[in-house]
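Common to both upcoming complexes is subunit A, partnered first by subunit B, then by subunit C.
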Partner chain A sequence: MTDDTPNPALLPAGFADALPPEAEREAAFVEAIMASFALHGYERVKPPLLEFEDSLLAGSGAAIAEQTFRLMDPVSQRMMGLRADTTPQVARIAATRLAAVPRPLRLSYAGQVLRVRGTQLSAARQLPQVGVELIGAESAAADAEVAVVAVEALAAVGIENPSLDITLPTMAPSLLDDAEVSPDLRRRLARALDRKDAAAVAEAAAEGGAALAGLTPLLHAAGPADGALAALAKASLPPAARAIADNAAAVIAAILARAPGLRITLDPVEFRGFRYHTGVAFTLYGPGASGEMGRGGRYLAQGGEPATGISLYPDAMLRAAPSAPGPARLFLPLGTDVATARRLRAEGFVTVAALSAQDDAERLRCSHTLVGGTPVALKRKKV
Partner chain B sequence: MTDDTPNPALLPAGFADALPPEAEREAAFVEAIMASFALHGYERVKPPLLEFEDSLLAGSGAAIAEQTFRLMDPVSQRMMGLRADTTPQVARIAATRLAAVPRPLRLSYAGQVLRVRGTQLSAARQLPQVGVELIGAESAAADAEVAVVAVEALAAVGIENPSLDITLPTMAPSLLDDAEVSPDLRRRLARALDRKDAAAVAEAAAEGGAALAGLTPLLHAAGPADGALAALAKASLPPAARAIADNAAAVIAAILARAPGLRITLDPVEFRGFRYHTGVAFTLYGPGASGEMGRGGRYLAQGGEPATGISLYPDAMLRAAPSAPGPARLFLPLGTDVATARRLRAEGFVTVAALSAQDDAERLRCSHTLVGGTPVALKRKKV
Partner chain C sequence: MSETIILALPKGRILAELGGLLARAGIVPAADYTEEDSRRLRFPTSDPLLDVVRVRPFDVATFVAHGAAQIGICGADVLMEFDDAEIYAPLDLGIGRCRVSIAESEHRDAAENPAQWSRVSVATKYPNIARRHFAARGVQAEIVHLNGAMELAPSLGLAQLIVDLVQTGSTLKANGLVETEVIAPVTSRLIVNRTALKTRPEAIGAWIERFRIALEAPAP
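Let's turn to the complex of A and B:
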């Protein structure tokens, strides 16, 4: 629809009205994604938009405390938060109300999240979020299932040829722990790794001795999974780091067994943005330059339960996916009988009934009109 | 799923987690209702959950100001409200961003609304709300379309034989205006009408003279539409009240032309709960004692545009509708090949893959397991 009178002052920055047909498209996307999750046994939960801030910001929720709108509950006189992320709520449900349900527990969720401020990448302060959590399974197969379920959800809305970026957020900290480096050196190394500054990494690593010898090769190993795994296999690593590398190889093998041909990249020493992850972390990219479609990985859920999950971003997916034409809109002139109208809807037409003699098919943006009981396509006027 | 460890202190009163399978059922209901609206040409809009309180509480939004959570926007330093009703937001969109789209404009919406306090009928402070608004059409046909679209949405989720209660919230005020009664008598009459206290109405009406002679017959007219319309036709009414009665007859005739056999009741002098309505008002009841499924009617949208709409309550509909069995859940033993799994999902099975040798079909609540590549139904254990 046209938007002839935009008034940006009408809504707070970062909040927007979705209009036809975008609002319908977003809803259809979310339900197609959820249906794809459901086919793999993921069952929907729906936590509330508001809950006490103590529980909302517990565990992994602490990471987004600053981004959470807070308000006083006049009933309980306690502070509540408007969720900025659904994942901690799903973890709470798994650990409390669904504590007695046998594991592994497969849960999915869809809903809006609200953030106090937009980010550099997106001004939006209300975003749709959908995702899955697989709770109580520790295997590489569990990580692989979650990654592949996300890839299939993308395919369900027409996004083909995504690429999966795997990072090992515990690898660099593990190497640094093993090397028992000073806090100062640790900070310098973290900053150098974060910037992918190979010269600075090499220089700082040299101060850390033999235990850090693996860092530079791992920095250079980043790239397509097969090459990165070969470099990891050859690298000289202390036992804890070796276990992390072997697990990465097992997860990637399990993913490729389920999704042959999926493009996977591996960056062993990247750790940015994955603060609470305890194993592999995923970032899922759309084709071309369409950007990040989702993010997730392995973590410890409430009570120390092993868990793995991924969140998808329907707004990014909407921009990346091909748009499908809407259904045919059929104008029903005054006096069209009820049974005919019902039959045409059953055949797949959207019907737009005339309510007065002034209504006409073109004004009401119809693609078809009814002539003698039969739908006839209207010629599109050239604009 | 079982809920073995309820902890009511975990969530604020009136907020709840929806668990499997209820969360899925609610989502499926909402989408089925929206799909039913869409078949009649209603196009989805999605206003944000938060907006400036000035715009959120303007017009018909004022009625719900007390029920609206407010919070400060740190970006603009202005007060925002969390919507307690989606209808005023849809009216805002129609009057601003969609002002140039030809009328009649058919819009639909679905989303969560939040309320500061629960009501006597329901403790819930977060509720799903779906509805339609038909903006820019004044005819009885427009009112009838909205009522029938709501009835068809109920049918789309299996709720048959609803009944539609029509009230005329302008009738009693119109009679009182015409009689030019004193403020005191007006208050007494309003209270008596509200209580359906026929004796008090008759006594007070007698003080008002001939212009109020119609009140008592109208009070007794309430009931099935045919009888009520006959009583209205016979009643002696001043011209303004006569026009209201004639319009009610036209709307009811238009509804029955579209939905023959629909149970309609008419209560001409009831006005409770419909403060901003300017024509017929609707309350839609489920079969038996299942209660109110939705509410709406004719009103003036922003800028004085004639409009009619209805909101449905998916939570009430969920309680009233028959529940359908979920899809078959098929356990896939370790080593099931990827192509087989995909084929079985395409056939309609939900697949639950073993991730370790400990996983088994019964623990994972599966209805079927795979034996030699073929799904086999499991016997239900008696509990």
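Let's turn to the complex of A and C:
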């Protein structure tokens, strides 16, 4: 039997150490995003990492129950959950401790979340998450504000030209309810819509009769918002679905009024990945193929209060943002005057003081050194 | 970023069947793309904005899920096994018809009643499909994950059953197995990456449309 000691560097699957300069960069990102939220009147809350399972997984939290790490509280003997999403915690705070604060309530949060499993795209089980919740307002203006605040937060960290995909997760269920389809047909239609399998949707819709005739045109309507809205306007929809379509048009108009150049796509019958949303749902994509930067939408917070929120993923944003050079690192040789060092820090230098005669600028990864009281750039590759 | 769209095609059986469909969709890849001994993996096509890559069938789904390829063609069996939220499967191409089936030895002990099983050992390259299928009827599937020659498993005592892709059934028969249940019929699907469809709806939508029209066109 061998007994190799495990390598101490090995972490559990999906966990990573963030090193310089990435750790610094992530923290700076999170603060820049939070500052951008704050400028729009969103006030920061800081829920705990752990709370009782029954409150954490109530309401909208149920959607992430299977992604939640749990542990037993030895004190209360009750089961606790480690948050896999911060949104339900903010909704809880709004409904309880901040219940008496006049609405609409604008809250923001930043923190780490833990997930039982990574996704196929990313194995990470610990993720930074930042976001806003706008609680107690039920209007297109509220939905638009949240979307635009998120877009501005991306811009604050240098991510320009995102595209916003809007889905209407209640549209397909509403059409299916209206057509009173059988559970089996409903299941098949849901699956076909989920895959965007046009032939299967058409075939199943034909079985459902005239009430489902509108489904196929709506499936094909997905795409740039103006075209999709035109298709929605032309479609013959039952009253409930018409109301959803009108709301989508109002939200998109309100977004474009606030962010005229924003690229918006609309997918009327998609519901993939949005399990508890009751109105428009948002997915923000970075430029090019950089992928998803955040997700959100309208939902019912605890106590049935209307709310809209969005979560952004700083890890994805870090990959998408152009990398900016860090501040210059200035080496302070032994005996550098304290006041000079303070002045240089005030000028924006990061100073690295020599502690012994062996220290030198290159070994300590400095970009500049002090020559006769003046910073001089070192001829070497950037740190 | 590059505007080139990558189409991932599966090596092997399906590739030969695809030729006609690709031609009708107006895709003419470099001549050597069907040659299995060609060392190239990425092939230009007559369209300067479309390149073809040739990978293993399971890898088509991986390439498309990660957005390394924006569109791809793979069997419904691969999609059932992967079930990835990043993949849409908008078109059933109707080619590569076969089925995912359960097979067992033709000499099974008649006294054994599958309804009483708590668990069953299954040799397969589809662990998720097998696990899900048996779990739905209250049976744990103990998976023996093989990449080929599943048909040997029952006779050599590796597993009680196999879950495998069956086209004609002749391989099963030649190895003393009988097909006892079809889990799902399989055809090839056109798949697309979710982010690509959302962020480049015009370009990706146009390719889906070209395949749709090609499917409706009569085969020459």
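Brief remarks on what is shown
What we mean here is this: the second predicted complex is superposed on the first by the 371 of 383 C-alpha atoms of A that agree within 3 Å, B and C clash if a C-alpha of one lies under 4 Å from a C-alpha of the other, contacts with A are read in each partner's own complex, and residues count from 1 in each chain.
Here, a residue touches a chain if its C-beta (ideal position, glycine included) is under 8 Å from a C-beta of that chain, and two chains touch if they have at least 3 such contacts.
As the structure is a prediction and not an experimental result, all values here were calculated from the model.
With subunit A as the common reference, the superposed partners subunit B and subunit C fit together side by side. In the superposition on chain A, A:Lys196 contacts subunit C only, with no contact to subunit B. After overlaying the two complexes on the shared chain, residue contacts for A:Ile93 are found with subunit B alone; subunit C is out of touch. In the superposed pair of complexes, A:Pro104 makes contact with subunit B only, with no contact to subunit C. After overlaying the two complexes on the shared chain, residue contacts for A:Gly373 are found with neither subunit B nor subunit C.
Of the two partner chains placed by the overlay, only subunit C lies in contact with A:Gln120; subunit B stays clear of it. Look at A:Ser163: by the touch rule set out above, it reaches subunit C but stays clear of subunit B.
Between subunit B and subunit C, it is B that contacts the larger number of residues in subunit A.
Taking all C-alpha atoms of subunit B against all those of subunit C in the superposed arrangement, the shortest distance found is 17 Å. Touching of subunit A by both subunit B and subunit C, each in its own complex, is seen for no residue at all.
Residue ranges on subunit B touching subunit A, taken from their complex, read 1-7, 10-21, 23-24, 26-27, 31, 34, 38-41, 43-52, 55, 69-71, 73-76, 78, 80, 82, 89, 92-93, 96-102, 104, 106-107, 110-112, 114, 116-117, 125-126, 137, 139, 141-142, 145, 257-258, 260, 327, 329, 338, 345, 349-353, 355-356, 359, 363-365.
The residues of subunit A lying in touch with subunit C in their complex are 119-121, 163, 165, 195-200, 222-224, 265, 267, 272-273, 283, 285, 287-289, 291-292. Across the complex, subunit C meets subunit A through its residues 1, 65-67, 82, 84-86, 88-92, 192, 195-199, 201-202, 205, 212.
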